[in-house]
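Naming follows writing order (A, B and C), and every chain is counted from residue 1.
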C-alpha cells in the first residue's frame, strides 16, 4: 500500500516522497518498508532507534524521529494504527492459492476442511471437522483431533498432538479505545507457530500475534482450557496445567511449569526452570531461574506457606 | 398449552376456568398468558404485583395472589416449574421452518450447517463446521469462524466477529433439586442476543436465558475461554479478559472491564466504567461508577494494594 | 505383546519364560496378563501385593517383588512405561470395526461423524459436526449438541445432554520427564464413562483415564468450561459450576458442589454432600461429609468469613 494512501486513510497530512508500505510493526522490529506507531514519551529511545520507513506519531514526539523515517502526524496514533491494521489483513480464505498439498501416508477425513495454500506433511492424521486455514503448514506424523481449528498462516511442527476443539491462531485480544470508550479492532496480522513434539489438550486457545509470531517451542506440554495470549513465547519443554493462562507478550524460558489456574500478566519475562504452584499470579519479571513460587501477589513457595500459617493465626486473636 | 393440562402434568388440583398458557416467566415479567412460580416468602411483594395468568405456588403464599391470577398449588413450585419447562421447550431443529435465507454477498462454507428458519444477512463469512440453529438471525458483515455453534433463536448483530469454537446460546445452568438431592433440568427457553460490533474470542461460552434474553450489547469485547451465565446483560463497550466469567442474571453497565480470571456472582448490578483487576471476585452490587477494584473479597484496588503490604508484614512478626 | 518384545523395547535384560502381556496397569489393579511399573520406595507395600504378570522396576526395589511376577529392571521405570504405553495404544479409528449401529428413532446429522464400532441407542439427537469415536456407546434419548467430540472407547449413558463443543475422552495430561527435562507422552489407554441423566455444559473437557476409567456418575451436572482430569470419579448428583476443575484421580462423593472457578488437587477423596464456595482450592482429602468450605488454603466457610474480617482489620493498624 502506498504511504500516501495510508495518510489519506487516517486523515494525516502527507508531503513527503511516496513509498510502498508492506506492513505494520513495532518501532524496533519494523523495517524500512514497514510503518510503525508511537504515542507515548516512554518510547523516545525506541523512536530514535527505529528503522521503520514511516511512523504514525503525535506532534510532541516529532523531534525524536530519525531523518530516514517519514512521520505521519495523528492525534491518536494507536487508534490510527487500528484503522490501518484492517487494510493489511489478508483474506481469511483465498481461492487463488494452490489447492492443499497432503503428504504421503497422511489420512485426512472427508469431513475436515483444508483451505487452499495449506501444506500437510507425511503420515499425519486429520480427523473430522478439523479446519486447517490458508497457508498453514503442518509437519510430519502430527495428529489433529476432531474440531480443532488452525487459523491461516500458522505452523504446526512434526510429531505434535492437538486435542479436540482446541484453537491455534485465533485473534489476539487487541483494540484501541477512544475518548468515548468505543473500541476499534487491531487486526492481528501475525501468526502462531507450534514447534515439533508439542502436545496441546482440548478446548485450549493459542492466539496469533498482532505482528510477528506467538511461539510454542519444542517439547512443550499444554493441558486443557489454557489461554496463551498473543505474542507469547513458551520455552522448550515448558508445561501449562489446565485452566492456566498468560496475557500477551510474556516470554517463558524452558521447563517453566505453570500450575492449574495459574496465570501471568503480559509483557514479562519468566526465567527457565521456574515452577508456579496452582493459582499463582505472576505480575513481575522473574529473573532468577529454578525457583518455586506461589500466591497472588506472587512470592517464593516456602514464604507463601509460612505466610499462610501466619494468616491463619489471626483467627486466634 | 391448556392450564388444565399443566395442572395435570404437575398433579395440582384444578378448578378454575381453563385458559391457554404460552410460556413460563418470572413473577414480574409474566403476562396474562404466561405462568409463573414462587415458593419463597421473600417474593411476597412480587406476587402481589404479578400480572401472570397463573402461578405455581405453595399453600402458605396463596393469600398474596392477585384475584386476576389463577393459583396452582404445589409442594415444590420450583420443581414443578422444572417439570413444566420441558413441555415448553421448542424442537432443537424444525424441518417445517423455512429453508435458510442467505443475504447477498455472504459466503457460507458447504461444510457449515445452517438450520431451517435461520436468516443470514449480507456479506457475512461463515466458515466450515459452523452451526447456525433454527430461527437464528445474523446481521450483515459478520464473521463466524470455524466450529462456532449458535443455538436456536439467538441473534447476532452486524459487524460482529465470533472466533473459533465459541458457543452462543448453550443452556444456562439451571435445575431444581429435590429432598433426595436429585436434579431436574429447567429447560432454558430464552435466547441470547449479541448486538452489533461485538467481538468474541475462541472457546467462549455465552449461555441462553432461562426466560427472556442474555444480552451482549453493542461494541462489547469478550476474550477467549470466558463464561457468561444465563440472563446476564453486558453493557456497551464492556471488556471481558480471558478466563473471566459471570454467574447468571448479573447486569454490567457500559465500559466495565473484567480482568483476566476475574468473576462475578449472579443477580448483581455493576455500575458503568467499573474496572476489576485480574482475579477480582465480585459478590455485591457495585453502585458507584468509575472505580477500580481488586481481590476476593473485593475492595478498591488501592486498598487491596495497601492490604497486601500489611499482610506481607506478618512474615516479619 | 510378548514380554520378551517389551524387554527389547525398553532395553531391559530378559531371561525369564516368555508370556503375553495385554496392557499396562497400576501395581494394585494389574492382573497376571498385565505389566506394571514402580520406581518409588513408598510403594513397597503395593509391590508385595501386586498380581501383575510383570513389573518395570528399579534395581533397589527388586527384593520386594512377589515370586509370581517377572521383573524387568530399568533405570527409570516411569519413562520406560511411557515408551511402552505407545505400543498399547489402539488405533484412533479402525476401519475393520463394524459400521456404526444407530438405534430406532435416533436422528444423526449427515454432517456428524460416527466412527466404525460406535453404537448409538434409540431416540438420540446427534447434531452437525459431532464426532463419535470408535467403539463409543451412547444410550437412549441422549442429545449431543454441535461440535461435541467423544473419543474412542468412551460411554455416554441414556438421557444425557452434552452441550456444544464439549470434549469427552481427550487424553489425560500424562508424561514422564527425564533428567534433561524432556517429556515422553504416556498414552492414555483408558476411557471415560458418563452415566445416565448427566448434563454437561459447553466447552468442557472430560479427560479419559490413563488406565481404567474416568467416571461421571448418574445425575451429575457439569457447567461450561470445566476441567475433569484423568481417572477422576464424580459421585451421583454432584455439581461443577463454570470454570471449576479437578486434577487427576480425585474421587468426589455424591452431591458435592464445586463453586465457580473452584478446583481440587489430584489423588484426593472428597466426602459426599461437601460444598465448596467459588474459588475454593482443595488440597487435602475431605473426610467428613456435609460441610461447606471456602478459600485457598481451604477452610470451613464460616472460618473463612471470620478470617477475612480479621484480615480486613489489618488495614486499620
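To be clear about the criterion, a contact is a pair of C-beta atoms (placed from the backbone, for glycine too) under 8 Å apart; a residue touches a chain by one contact, two chains touch by 3 or more.
Here the structure is a predicted model, which means the values were calculated and not measured.
Rounded to the nearest 5, the angle that brings the Cα atoms of chain B onto chain C is 120°.
The two sequence copies chain A and chain C touch through a face in which the numbers common to both fall below half of the numbers used overall. Each chain gets one centre point, the mean of its Cα atoms, and the points for chain A and chain C are 31 Å apart. Each of the following residues of chain B touches two or more other chains: 111, 129, 147, 165, 203, 225, 243, 261, 311. The touching residues of chain A, when paired with chain C in their complex, are 109, 111, 125, 127-129, 143, 145-147, 161, 163-165, 199, 201-203, 219, 221, 223-225, 236-237, 239, 241-243, 254-255, 260-261, 273, 278-279, 308, 311-312, 314-315, 317. Residues 92-93, 111, 113, 129, 131, 147, 149, 151, 165-167, 170-171, 173, 175, 177, 181-183, 185, 203-205, 207, 225, 227, 229, 243, 245, 247, 261, 263, 265, 281, 296-297, 299, 303, 306-307, 310-311, 314 of chain C are the ones touching chain A in the complex.
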